[in-house]
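My structure is below; once you've seen it, I'll send some questions.
Think of it as A, B and C in the order they're written, each chain with its own count starting at 1.
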Amino acid sequence: MTMIFRKFGLALLLLTGMSLALAQQTLRIGIEGEYPPFNQIDQNGSLVGFDVDITHALCAEMKVQCKFVVQSWNGIIPALLSNKSDLIISSMAITEKRKEMLAFSNPYYFERAIFVAAKKSTLQITPEGLKGKVIGVQGATVFEKMLKEKYPGINVRVYTAVSDHNLDLVSGRIDAVLGSDLVMKPWLSSADAANFEIKGAPFVDVKYMGYGAGIAARKSDTALIAKVNAALEALHKNGQFDAISKKYFKDDISH
Amino acid sequence: MMHLYLEHIVAGVGVTLLIALGSLLIAIVLGLFGAVCKLSDFKLLHLVSDAYSTIVRGVPELVWMLFLFFGAQIWLNQLIGWLNGWMEVDSIDIDPMIAGIVTIGFIYGAYMTETFRGALLAVPAGQREAGLSLGMSRFQVFFRIILPQMVVHALPGFANNWMVLVKSTALVSVLGVSDLMHRASLAKSATGNAFGVYLAVCLVYLAITSVSIWLLRLCEQRFSRGIRKAVSA
Amino acid sequence: MNELISQLQTELPDFFGGSTDTALFSTSDGLILTLLLQLIPMALGLALSIPLAFARNATSVWIAKPVWMYTCLFRGTPMLVQLFLIYYGLAQFDIVKDSSLWDYLRDPYCCALLTFTLNTTAYTMEILAGQLRGIDWREIEAAQSLGMSRWKMNMHIVLPSALRRSLPAYSNEVIMLLHGTSIVSLVTLTDITGVARHIYSDTYNPFEPFMIAGAIYLMLTWLITRIFMKMERRWLAFLKPITANSRAKTQ
């Protein structure tokens, strides 16, 4: 009887699958995996994208092992704060609110916000013009906050991932979508988006969108951030950043 | 383009089944323990297992999953911070799949408690008395006499709980586990063919439930040997 | 402690369709949405399941088999998959988008109502059909010998008896439906769980929002259990075991 209990207890302990990390030899990188072309999961289940390539380059530069931890966007910061990951390299905008909880590296690229709607739609991108319209946005992003505060009177639909609001835009459930230009432009060139275009001009609102996208770590990990900044600097110097940037976008997005 | 993703989606069945079976194991253990506690003479055990089954069954699985997955990590970190004083432990990382298994097992342990409690009550009290009078220890009586007879009474409820458990593994995708639903959702974003993707998932779940129904029917036939039925078949 | 209370004060109104500066129940988010998503499918499901339960037990295979396939589909697959199938799946077909149904199907609220109604109808129908099969053949014989027509027999003898006996299992189904409504937060609706997730992604603290959500669901579940207990006490009184006290009450 006791043998069975002992074996069972051991099995249960092993089952909890705890891995005791003794030192920071493997960096766990939090990533969303549903934000093409920055990060996405292809049909073989492997992560690909701009953020993925940057991560590999940075880790090679910093001489550490990197392991990706895939997390949906609305849980990515809590995962970092609760020690499930060490860095977030997933196109996170550097905002004042986030800086209260996290330490950010120097920005590694800059993006602008755009509205996307059907070609035949006559949407006016003003608070009055958008009143009462149904606009889709990804949850827990700077775009969601901006939409809710800058344009009151809009019917905001919050989605878990970018592809979900794109699907609903195509099917006509929502009138428009607010998102990053670097993400929406590649989508607009795909076959599904044939009847859609950018409305109004791309814009940046520093109050909500912050100062570009950065790599995030816990507030106390300042040494780690310094290492990341140094590695990022090196990538710019030896042209690797440029190469990766040009692979996904037509030019260098760090300006 | 869908067929490229189909293989990846169906391979997620393995993960889903692993999660379901792992949770079932935990649920059975917790259920037996809880049922015994509920029927025990100690008021405290009775109270604790009562609270467990009532509270766990009163809150939706999704809320439990989110609460336990995100909350447990914070508790663990506090534990680590406390342990860090005298052990060189930097962080404990829990795999989302393990977290999913433990969470679902914990939730369905409460449902199993109710099922097993009803089944234990259905075994005649005389069986236990006979075992004790023969000089068997209480453990021996429970595992050799009560438990085998309890199985046939527990099977319908157990089968029901298993079906619900299998279907609730679909929610684990919310925690980021790369199971069937998560892969289906990725395929949906990539191909835009939501109907085809989710139809495939439906068929997979139907297959799992059909096989389960067949297996459980076999179990019922095996365990009800020697029991007189009210109506002859 | 004070911090906890002030945090609860800011978060609690959101669950009831308000916020710190708007009145409670000013929007139909949170509790109201959950209740609507539960009560409407429940009512529709009960109404639809009665004829379907009879159809399930029909002797004609052309009626019984399709109904059986419908139950198999909706009981054998997760509600989440059904919701996604109806919400995302139907939206990609042009025939759906051009039809008049699109005015309803484009709204996630209607999609959720449709999914929950279909789902709860399947489960309720199975419960009812099982009880219909279990009716004592002697009752049927007695009704027939009294010259009751099929319709009269079903309306006055079979159905009331079956409905009463389904009460315990049906109460389980109602609670399962309540818990099932929590998945609508995945299709842009903000019910109780949706509000909790929104607060969590804002504050990164999982304890308060999910505990509040859990407490609200617990209260609702308790309420449903009490209501069904009262119903069982009234309508299943004839199934209560005879004790010394009950004897005394009747005399």
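Observations
As a working rule, a contact is a pair of C-beta atoms (placed from the backbone, for glycine too) under 8 Å apart; a residue touches a chain by one contact, two chains touch by 3 or more.
Just so we're clear, the structure is a prediction, and the values are computed from it rather than from any experiment.
No other pair of chains has as many C-beta pairs in contact as B-C. Farthest chain from subunit A (centres taken as the mean of C-alpha atoms): C. Subunit A and subunit C have Cα centroids lying 37 Å from one another.
Centres computed as Cα averages put subunit B at a distance of 23 Å from subunit C. Among the residues of subunit B, those in touch with two or more other chains are 70, 74, 174, 188, 192, 194. Among the residues of subunit A, those in touch with two or more other chains are 75, 78, 164, 167. Contact with two or more other chains is made by residues 88, 91-92, 186, 197, 200, 206 of subunit C.
Within the complex, the subunit B residues that touch subunit C are 55, 57-64, 66-67, 70-71, 74, 163-164, 167-171, 174, 181, 188, 192-195, 198-199, 201-202, 205-206, 209-210. Of all the residues in subunit C, the ones that touch subunit A in their complex are 88, 91-92, 97, 102, 106-108, 186, 188, 190, 197-198, 200-202, 204, 206. Of all residues in subunit A, those touching subunit C in their complex are 74-75, 77-78, 81, 101, 136, 139-140, 157-160, 164, 167-168, 171-173.
In the complex of the two chains, the subunit A residues touching subunit B come out as 1, 15-24, 28, 33-34, 40-45, 70-72, 75, 78-79, 82-84, 161, 163-164, 167, 170, 192. Within the complex formed with subunit B, the subunit C residues making contact are 72-73, 75-82, 84-85, 88-93, 175-176, 178-183, 185-186, 193, 196-197, 200, 206-207, 210-211, 213-214, 217-218, 221-222.
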